[in-house]
Amino acid sequence: MSLDQLKRLIKAVLPDLDMVIGWEQGHDCLTASPVFIKTEEDIEKLQIGPLAVHNLATFLPGLKGKKVGVVVKGCDSRAAVQLLQEKLIDQADVTIFGFGCNGIISHAKLRKQFNGMGRASSMTQNGDTITIEHDGETTTLPFNDVCADKCLTCEHPNAVIHDHFAGERVERKPVTTENPALAEFEKLPLNERLDFWQEQMSRCIRCHACRNACPMCVCRDHCLATSREPNWIGQDTSPRENLMFQMTHTLHLAGRCVECGECERACPMDIPVFLLRKKMADEVKSLFDYDAGIVLDAKPPLMTFETNERNIKE
Amino acid sequence: MCKSNLLMPESATIQEVVQETANIKTFRITLDDEQKMKDFSFMPGQVGQLTAFGTGESTFVINSSPTRMDYLQFSVMQVGEVTQRLHQLRPGDTVGVRAPLGNSFDVESMKGKDIVFIGGGIGMAPLRTLLVYMLDNREEYGDITLLYGARSPADLSYKTDLDEWKQRDDINIHLTVDVETPDWDGTVGLIPNVLKDINPASKNGVAVTCGPPIMIKFTLMALQELGFEDDQIVTTLEKRMKCGVGLCGRCNIGSKYVCIDGPVFTYAQLKELPAEL
Amino acid sequence: MGRKYIAENDVIAWLDTLADDNLVIAPVAETGTVIYRPYLPGTEVELTNRPVSSPKEAVFPQTELLFSYKQDKDPEHPDRTKVDMKEATPDRSTVFFGPRPCGTRGISMFDKVYNCGKMQDAYYVTRRENTAFVTIACSRPDATCFCHSVGSGPADTEGSDVLLTPVNGGFVAEAVTDKGKDLLASPLFADAGKLEQEANAVVEKAREMLGDPHDFSEAESSLYNLFDDMDFWEEQAAKCINCGACTYLCPTCHCFNITDQNVGLSGRRIRTWDNCMSFEFTLEGSGHNPRPTKAHRLKNRLGHKFAYYPENNEGLVACCGCGRCIERCPSGVDIRAIVLAAKERSNVQK
């Protein structure tokens, strides 16, 4: 079983590392939480599965200088590749434990489904359905209805980079080629799109969870959103300023976004910010035929140039 | 609004600007509302928030003495956005003032005592206000000694004041620099070491000190070696303050707010707080 | 006044009449999240799910204009400027409808900081006087709820003017303050009569669903004991990503920033929510930062809620037990677990 093998792999290497980052049981049956494994007892807390939603690679840049192991699913491993490409982490100091992922849950979708998540008493996954006991009632749903959108279009369920691989490689094909939420959004005529974002941004509380959850964010503590000199973005939380931040962050990710969707998952106000990043990533794909975080020694398109760009007519 | 608005500045005009050192300027300002200027009262140690309109607010100790109310004086070291903007202002320009804020030196309990002032760099600013206050009430205090140090002679502020005080015979002035220059014929040495050479008596003494954290640390050690007890040592804390009135939650050390319970603290009080300076 | 009753179908009519003279704010469901929006006749009000935002925005808006200013050249002396300042005065009479007791309780904690004898925030006090809170008692706690562990409960009336308890077909209404009494004067309210018992039963059931409270006694002393134990705080803060979700959703968090937003010669001074979890919160001009790492900042957040505020306010914990910070934290940082871990660690050290 993948989990047992994963635990054994970690146990074998743990003495040489300062810590291994994985997932453990969260505060209820529907959540997991990152765990920083330092002792053999800690290894027993490890969990993988549909609740292991966090992209643990996001903790790596902050731990530079330490010998860190990290457990990654497919999408997380792309972040690891991108971080290595940009030398934000040192390959010598990072040990990557990969496995094959069968998809993760979207808590936002569960919230919509159950009108608030707080009283679930059990969750079990049986193949392609998920059964949740909630408020005394049992509901079984197709996994594809409650999984994250990114899982429906996932082309890399297995970690694309790893020092160790636990379990069998997963043979999972994308359910659809187009991100459903983005496809839905693009049906809107142009003039309605700005209205859409004005409304979404009026909910934004500028907590920057989207920014801090993003593994590719380099500015971190010195973000332009809080810079006074120069003063790019006002502190007032108007939709205009909020959208300015989103646009800037999205552009900072051009050619770098690994489409892990953590930005949207982290948002406490359920704003679909991933739409912006996904669109940006799709644009990069169509212009440069490039997916971030797949090939370790690839050059991100915005960090190099071709003398004759194939898809840009000058 | 009918309530007094603690966050609303008073408009004030810069009367005079003195270039103390390469990066320190002293501003002498008067409130535009004449009655409010007349009624303005404060005690040494209290601070004010100066607004450079268009840029923001920052905290500075009221550097003049309440015994001389021709103007309110603030010394500003240029370190960031607001101070940079303030340094661009000239006599006649308008600033905003929210003052007085915070607590003050306990001048009552210092009466009759021998006062030792130890100031490093811009730390001299809060000491100046208390020193002038005491000089204007001279008979109420015992010996007064000033040890003021800076990195180099060019970094010593209040040169006019120092020249004046050197002429007096009721105050002992000791100046020191870390790095001497050819025109300097005074002491060269770090403040804590010079302090030990001066060897002020601790028995009836109160030490008032302010300066960069590293200087404070070693000065405290020196004072303890000289026999000063924790409640005989007074300092004033610089902390990032925003509202200055105990609301915005920024300047707390444990359960105490530097803007309300401070910025003046005795070392005895500081020892009771969590170590988070 | 004994308790009253209003049928669920009449609640909208009641809000409509209130909206004639007041700004009414009510919960609205958007994209699966419930937030507060201005109510207009026709707005679909969400009565079942708890809003993710807390009611503090009623008296402590996320962006608040303090004053606007205009710099003018002095015609007598062209090289000088003078400044005109115009104070902002919030004066809209507001009815804030739909928070739960765990949210409104936070308002009474704000009162102790923003409207205490020593310091009064003029903007807050004005808004507070002009706002009535109509709170809905809790009938279904979440797994992350722990109001009963911090001295509160499903029918806590702290901070509220009216408490509505959901019963079959409607709400039993209790006037907590005189302001609340005036609100219940509407003919849409009848005497509650026997429904009072049903209301009590609803609250009892909610209390049972909460289970046993956590024992947070000695949290204050434990947190003080562990102030220098940075190993403990590094461990607790390891999975924190330093965003502000917990702070901004928290009904009691009240830290703010003051900035000048300038356009040419005029501008506005605004205050905006700020969060102590960010690196820049205590960053000083010299470059020194008393709380340089997330471990320091998490320690301060816990310290403030469970030690410093209680020390200054006769033991009152600055936490409502609403659990929003746990539910919406991207990493699942659990404040209950941290307090209990602090107690355990502090005991071990003894």
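In this document, chain identifiers A, B and C correspond to the written order of the chains, with residue numbering beginning at 1 in each.
Quick note on the criterion: contacts are C-beta pairs under 8 Å (C-beta built on N, C-alpha and C of every residue); 3 or more make two chains touch, one makes a residue touch a chain.
Owing to the predicted nature of the structure, the values given are computational and were not obtained by experimental measurement.
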- chain B and chain A - chains in contact with each: C
- Task: Please identify which chain has its centre, taken as the mean of its CA atoms, farthest from the centre of chain A.
- Result: B
- Item | Nearest-to-centre chain - CA centroid comparison | C
- Between the Cα centroids of chain A and chain B the separation in whole angstrom comes to 51
- Query: Roughly how many whole angstrom separate the Cα centroids of chain B and chain C?
  - Reply: 38
- Centre distance in Å when chain A and chain C are each reduced to the mean of their C-alpha atoms: 30
- Do you know which chain B residues sit against two or more other chains? 56
- Query: Where does chain A touch two or more other chains at once, residue-wise?
  - Reply: 228
- Task: Mark out which residues of chain C touch at least two other chains, giving numbers and ranges.
- Result: 257, 259
- Query: If you look only at chain C, which of its residues touch chain A in the complex?
  - Reply: 30-33, 35, 48-50, 52-53, 62-63, 140-145, 209, 235, 238-239, 241-245, 247-249, 257, 259, 261, 270, 272-273, 275, 278-280, 323-324, 326-328, 330-332, 334, 337
- Spell out the residues on chain A that touch chain C in their complex, using ranges where they run on. 26-28, 31-36, 54, 58-59, 108-109, 111-112, 115-120, 135, 199-200, 203, 205-209, 211-213, 220-221, 226, 228, 234-238, 262, 265-266, 268-272
- Can you name the residues of chain C that touch chain B in the complex? 66-67, 69, 71, 74, 77, 79-83, 85, 87, 89, 113-114, 118-123, 125-126, 224, 227-228, 254-260, 262, 265, 267, 271, 274, 276, 281-286, 288, 290-291, 296, 300, 303-304, 307-309, 311-312
- Complex interface listing, chain B residues touching chain C: 1, 3-9, 11, 51, 53-58, 79-80, 83, 90, 92-94, 96, 213, 238-240, 242-243, 245-250, 252-255, 260, 274-277
